[in-house]
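One structure, pasted below without further comment.
Labels A, B and C are assigned to the chains in the order they are written; within every chain, residues are numbered from 1.
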Amino acid sequence: MDLPQLTENEVFMAFASYTTIILSKMMLMSTATAFYRLTRKVFANPEDCAQFGKGENAKKYLRTDDRVERVRRAHLNDLENIVPFLGIGLLYSLSDPDLSTALLHFRLFVGARIYHTIAYLTPLPQPNRALAFFVGYGVTFSMAYHLLKTRLYL
Amino acid sequence: MDLPQLTENEVFMAFASYTTIILSKMMLMSTATAFYRLTRKVFANPEDCAQFGKGENAKKYLRTDDRVERVRRAHLNDLENIVPFLGIGLLYSLSDPDLSTALLHFRLFVGARIYHTIAYLTPLPQPNRALAFFVGYGVTFSMAYHLLKTRLYL
Amino acid sequence: MDLPQLTENEVFMAFASYTTIILSKMMLMSTATAFYRLTRKVFANPEDCAQFGKGENAKKYLRTDDRVERVRRAHLNDLENIVPFLGIGLLYSLSDPDLSTALLHFRLFVGARIYHTIAYLTPLPQPNRALAFFVGYGVTFSMAYHLLKTRLYL
């Protein structure tokens, strides 16, 4: 049986589209980490650098690198912020919000998180990254406030 | 079109409320990290401490701090435990559980995670934090068990 | 009121089952970390090793350990990959996909992530872990592509 309620709900379909985009962007951080690890020969596991040498010779690649650590911090920051958006945004989408208000929230969040990644990886001078962070943060709290104000059930 | 099925479902609305609360709490961990980084001048990125000095003078703020690392560990522990609650709890809520049983699960989880944060940041002596962790952990496994027992489809 | 739409939807119930399994597996990583921390006496917090000695004597257990760090990396990799599966997979399940195609996606992802954990913790030589990672990664992108192709609403 199909689900006409959800696939015909415009807010839900918009949430699905924007969430898919921002989660795909987050997944690209894994590729960025792998790219820098391989091109800079910087690894966290002995088995990963076995191809570059044997025994003691391989161990020198078990190190950290500023560029790799920067991508990993950006990735973790994504996780910390996209998980609340995923949970709160889903419940907000199902709470029958106004379509244009919901679209504004989703677009601001996705734009802010993409700009956050650009600001983190370039890196751009502060407060670029801080502003991008707070826009995404504010959008999520705004949805949480809307949810708790209209639909609280404890 | 609206979604009467979900917004009139008491278990789902309770899940939405408790999830929004615990995800908002998790987001406050970012603010706590930022607060300690700024008051203690402890940064991970060169561009973040540019305002405190130039060149070599700013580099001394690129360091780690016990307090900041503690908040970051508490934040990561939240992520590791709230993500399973989010996924399993959503599916559990949609599997038509008994309302009072569901409320007990949600309240225990949210209470345990708030107590976990207090125990981690104070810090309280063990086993305060360990007990808080295991209550939240047990609640999530209890919902997973209920789901797999009644609704398994592989 | 109940939710016949969702609990009678085979794709959704399959998603619920596989997601519950893989999130439960991810939660076991916490237990693995705790096991290695306790058996190897390797702790991150002073209050955790208070039982093994007082003052300076306890501080020697505040250290890192290859085995513990390996489990933590595997856990974080799980988080980074299971969160997108959770979000994209849920929306994909609700977008009325073909049942056998959906089951193939869910089974491949769950199998790949379990094999990833085995390859990480044993550890197996590369490219075992890399292949497991890319199978799970590809499955998630395949669902994202299907979603954006058929249901895009921006």
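Following the convention adopted for this analysis, contacts are C-beta pairs under 8 Å (C-beta built on N, C-alpha and C of every residue); 3 or more make two chains touch, one makes a residue touch a chain.
Here is each chain with its UniProt name: A, B, C = Microsomal glutathione S-transferase 1.
What you see is a predicted model, and the numbers here were worked out from it, not measured in a lab.
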Between subunit B and subunit A, is it the same set of residue numbers doing the touching on each side, over half shared, or a different set?
different
How big is the rotation, 0 to 180°, that puts the C-alpha atoms of subunit A on those of subunit C, in steps of 5?
120
How many angstrom lie between the centres of subunit A and subunit B, each centre taken as the mean Cα position?
16
Among the residues of subunit A, which ones contact at least 2 other chains?
5-6, 12, 76, 79, 83, 86, 90
Using the touch definition up top, name the residues of subunit C that touch subunit A in the complex.
5-6, 8-9, 69-70, 73, 76, 79-81, 83-84, 86-88, 90-91, 94-96, 123-126, 129, 133, 137, 140-141, 144, 147-148, 151-154
Which of the residues in subunit A come into contact with subunit C in the complex?
1-3, 5-7, 10, 12-21, 23-24, 26-27, 29-30, 44-48, 50-51, 75-76, 79, 82-83, 86, 90
